[in-house]
Amino acid sequence: MTAARTRVLGLLGILGFLAAWEAAALSGAVSRTYLPTASTTLARLGSELTTPDFWTTLADTVITWSAGLGIAVVAAIALGAVVGLVPFLDRATHSSVEFLRPIPSVAIIPLAVLVAGLSREAALMVVVYAPFWQVFVQVLHGVADVDPVAQDTARSYGLGRLDQLRHLVLPTALPYVITGFRLAASVALVLTITAELVIGNPGLGRQIELYRSAPDAPGLYALVLVTGGLGILVNLATRLLERRLLHWHPSVRREEAL
Amino acid sequence: MLGPLRAVGYAAGLPALALLAWALATDRSASIYFPPPATIAQAFADTWFGPALTTDVLPSLGRFAIGVLLSIVVGVAAGTAIGTTRWLRDLLEPLLEFFRAVPPVVLVPVLMLMLGIGDTMRIAVIVSGCVWPVLLNTVEGVRGVDPVLTETSRSYRVRGGLSLRYVVLPAASPQIMAGIRLCLSIGLILMVISEMFASSSGLGYRIVYFQRSFMIAQMWSGILLLGLVGVAVAGLYGIAERRVLHWYHGMRQGMREVARG
Amino acid sequence: QDPPVTGEDGNRAVTIGALSISETAPLWAAVEAGVFAEHGLDVTVQPIQGGAQAMPALVNGDVDLMIGQPFGALRATEQGLPAAIIAGYAESYAEGDDINAVVAGADTGITRPADLAGAKVAVNSLGAAGDLTIRAAVEQDGGDPTAIEFVEVAFPDAAAQLEAGNIDAAWVPEPFVSMIAGAGGTTVVYPYQAVIPGLPTLVVQATTQTVEQDAELVADVRAALEDAFVWAEENDDAVRQTLVDNLELPEEAAASLPLPRFTTTVNADAIQALADLGVEHDYFQTAPDVDAIIVE
Amino acid sequence: MADISTHEKPTEAPSTTLLSVRDLGKTYPGSAGSDAVEAIRSISFDVRAGELVCIVGPSGCGKTTLLKCLSGLLAPTTGSVALDGETVLAPPRKMAVVFQEYGRSLYPWLSVRDNVGLPLKSRGMPRGERDDVVRAALEEVGLGQALTTFPWQLSGGMQQRVAIARAIAYQPEVLVMDEPFAAVDAQTRADLEDLVRRVWQDLGVTVLFVTHDIDESVYLGERVLVLSSSPTVVQEDLVVDLPAERDQISTRALPRFTELRTHVHQQIQRAKRGDRTGLPATPR
Amino acid sequence: MADISTHEKPTEAPSTTLLSVRDLGKTYPGSAGSDAVEAIRSISFDVRAGELVCIVGPSGCGKTTLLKCLSGLLAPTTGSVALDGETVLAPPRKMAVVFQEYGRSLYPWLSVRDNVGLPLKSRGMPRGERDDVVRAALEEVGLGQALTTFPWQLSGGMQQRVAIARAIAYQPEVLVMDEPFAAVDAQTRADLEDLVRRVWQDLGVTVLFVTHDIDESVYLGERVLVLSSSPTVVQEDLVVDLPAERDQISTRALPRFTELRTHVHQQIQRAKRGDRTGLPATPR
């Protein structure tokens, strides 16, 4: 019941946006050459979806994206947990982490190309970098959130480091990690597209650039709808996962009770 | 409390090692893309200690500061509304997820059309990227407040602004602060990105310009400056966090004490 | 140096980095038509976005050759990168309609180069041939080149920004020139033509290492490219079809799109003139040694 | 066995009925993997304005659930609660609750003073007056010196007393307390018991008091409600006919006190055994 | 006044001393804005292997702090704790603690079964055996049917019993309990008291038991340690010379029981008044 309500409301939100877009485009505030109407764009999206090329392009992007996201998340959770749990490491790496985090991915593109060539690997380096830090910082904060009494319990019952990690630290950090994952997912997608666009590997990004230069506004915005759609899909998946993994957490508990 | 000497040691230890490794590596292989530290230091002094400070660096940092502050305000306000109101979250979440996934290359030209190509647009670009960590963390923090605490405030009829100010936001503050910490570094990144469009000055513009003009040492010096700004901003954040979350760290103090002993 | 890689058919594998712009259409088309294969070359065209990203790939051998702007090569050598120009590729027109232009918005009142002084002018990337030649053109016309306010706007976005009034004029290539002109814009000047008539827009670049150690490759590519241009001239339809296939251009646009002059000969004088202009306007700290950069 | 009178439906005019609980039932919906739990089957009772009612019952029988329904924090599954004739749908004004999870009900980011003062602030009490009320309440519970400390710097018993002080400072008409003295020592407990009686007598508040201490329930209450074990109904509604003026030593020494406490004790034992003879067998 | 013998330094061979607390002091460092708190001034006592010692004292006197120091969770400021002759620096194996904040010591993401089983799992006990031990321990505390529920689906008393079951299932050599029965009803409490005595007798564990219930301390303990109010020292170390076989009804009816409880009661009252005559005035 609530699930259905959620869907309907979410759909309403999207429809509302599309309607606003349509109205804005029709009003002529911006020339339609640059901002096509929502309906034109949707029609274009429909025809794009029927071409096999579109699907290979999409697959290219999704592969780079999921690989980059996977690497970033796994590495960040592992390193974040280690650094967060060992006070010495936390203090010793703090300044370096803060130094590295604000370095934009665009700045490391030439270096990535130098190291990995104009390849998917270079794109991956670019895609991994920024999301890694997001998840890393979220993990650090999540690890620090362990309840002192729960921690005392684990210590006094002789739970080893690994058991503490598995049964106390990770469950506590999980809400932070999931938020980190959601942040990272969209950033990784944006970077995948940017990397394709700049490095020139095949994928949605290059296609967007081609449509942009053609110029083919409906095509461009149709692809933007696709990236946004990917973002919505990840979020749906995360929410499902969250309901399973965090069924015990007040945030989920409360909403299930309502 | 750490002694000041140890604090400096911790802050500078790893960077010093990295510098050493860099120096050794660049000493042997003479890749033009990895200039030795001395070259970068020279470029740093030449590039940034001069008019560039006032024409490029300070305006950029000003936009960064405004953008980040706006993001925090908007993120916390919207996040609290969305986190406490189920229907609002259901309504907006897919839409927000949609916009989060739109790359700046597409978004910025549209922003330029709506806001022109001045500072407003650049600040909007910064905000468009760094509200998300604050927003998402606020939403999740607000959703996850201990039910006993909300029941307490409900039964004592602590409501509205007072409940937000004294119950909901403090309870969510550990998570909100995590979001703010992310927001700061993303803000710097977006400061750079925002200057890749319709601009001809700024720290970010300079970095991209150097990169394009193969001025490698200068580009590295820009990255160095950006990183240093990051460290400085993180320092400010640390001070703010210790104030905002003093109770949170106090609660955990016993734990840390044992970890040390 | 790596031993030459050979494909299954015994052809030498070569990767050429090329911008995804209409000028590279003859290359795409000729490769597809097998012109390069006849020269024993198995060419892969690697789309690139600009010199900054392509140069590292050139340096680490990921691409063997690159088709890029001559100004980039000058800039790279000035910074100590081992770039060399081994052949010409495309040139702007010395007279008539050129392939890029500064166009002004409909109601800006800008009609001649001197009017650009004090105006906000968009170029795709600052500190390159575009703004340099515009400065020179304005100066030639009696305007103050230092009064121009340049901003970076990507070519595809320029039309919209002009219309929105965010910029006064923009330096764009075709098809944007026609688009903006069609929407009421004024073509102010062809800066290449006005300053250095026939200035090469694109040249084939390699590292000095490749030039020294693999003269055979350089010669083969040059010869193949020469044939390619001859073939392209005779097969205009095929070239324009590539625009549709590879660059997603609409058919009508592809059919009418003005293309530059293709030639493998490097117009050394024009490049020297460009270098001099760069020095004059402080784009270069040291004068590039154009003779050393161009290897023929 | 001694003569024990149980509470009948009040014969007085209904106007004096402050709180009326009718066929209250609460079933917690099962979440993923767990079944629904019928915490309360059917509870009905009335409380007159100014009464002091103690509620006892086996662990897990639904006392906390009952209090949450009474205070409008939890919606009952069946039946209803009315306060002053109005159905309770949200936490009513003028009701203060001391939660069983006292530690978690204090805001760790607020000092003890602010924890106690926040409800008053939300009621719009001006600063100066608030400070006085807060200080007085904290002194009543023996924490006059802990104003500026934070809850997590206090011992369990001290935290519990802060929660009590918060309820008292709120000056409610109905005071609902869920095992409020569980974490304090015997002597402090006695003092707090007397404090509750005093507050009740002086201010005329209505008190609902959940406790596990049988002696306490008899000593404090004018009435003791004994709940059965799950599925929960009211097992007994007992009038405590001890003198109004009570005193830790003499009252507890009264033979009547012993009779009453023995009776309650037996009832609890019966409840815990699950002996349901004579209880209304509400149809499911 | 009745003849009450207080505990002297043990005359037996020191080899039987299991736990030795020497001049233990703990001062919590003040954080920003608050002063340092001297929770314990100086506490010394010994516990022999297999003893059952109850600890009583006014609220906030430092009992929890003492237990945390004993169990290696908190570093003492002065003095030391030795277990089996070795100084305690980290939580020792074979010691199980039931925390006063029982609710927060249970992991909300684990079912009751997994909460109780986790320490055993981490000790490497195989699945099958673990399940049996967990089930048996939960049945002992009357929660045999709650295996798959989560802690937050339980009432306060049930949560506390899960924490007790976890400690028992752990089969420790030293069992440290901080007001473990505060949230359960009288009948359950009696059952649990007997459970602790049984576990203590059958398995020979050493038990340290903090309680606020004076009767409980006398009924359960072989010895009662009375702590003074802050600054805390040992006010009295009392031997409970009741028969080893105890029974809720007959033991509590013994005149000696009444004597002892009255004595402890007076000591607590004295402690709460802050009467420090005869206490060691440790120099600061």
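Each chain gets a letter, A, B, C, D and E, in the order it is written, and its residues are counted from 1.
Heads up, the rule we're going with is that a contact is a pair of C-beta atoms (placed from the backbone, for glycine too) under 8 Å apart; a residue touches a chain by one contact, two chains touch by 3 or more.
Which chain is which protein? Per UniProt: A, B = ABC transporter permease; D, E = ABC transporter ATP-binding protein.
Just so it is clear, the structure is predicted and the values come from calculations on it, not from any experiment.
The interface carrying the most C-beta pairs in contact is the one between chains A-B. Among the remaining chains, the Cα-based centre furthest from that of chain E is the centre of C.
Between the CA-based centres of chain A and chain D the separation comes to 49 Å, rounded to the whole angstrom. Separating the centre of chain B from that of chain C, both taken as means of CA atoms, is a distance of 38 Å.
In this assembly, the C-alpha centroid of chain A lies 36 Å from the C-alpha centroid of chain C. For chain D, residues touching at least two other chains, in rising order: 31, 101, 104, 150, 153. In chain A, the residues that touch at least two other chains are 30, 34, 110-111, 114, 152, 197, 209, 212, 249, 253.
Residue positions of chain C touching 2 or more other chains: 50, 52, 55-56, 59, 154, 160, 164.
On chain D, the positions that touch chain B within their shared complex are 68, 71-73, 90-91, 93, 95-97, 99, 101, 104-105, 107-110, 114, 118-119, 121-123, 150, 152-153, 166, 170. The touching residues of chain A, when paired with chain C in their complex, are 30-31, 33-34, 109-111, 113-115, 117-119, 197-200, 206-207, 209-216, 219.
Contact residues of chain C toward chain B in the complex are 50-52, 55-56, 59, 75-76, 78-81, 122, 125-128, 149-154, 157, 160-161, 164, 166-167. Residues 147, 149-150, 152-153, 155-160, 163, 167-168, 171, 248-249, 253 of chain A touch chain E in their complex. Contact residues of chain C toward chain A in the complex are 17, 20-21, 46-50, 52-57, 59-60, 62-63, 154-156, 159-160, 163-164, 176, 179, 247-250, 253.
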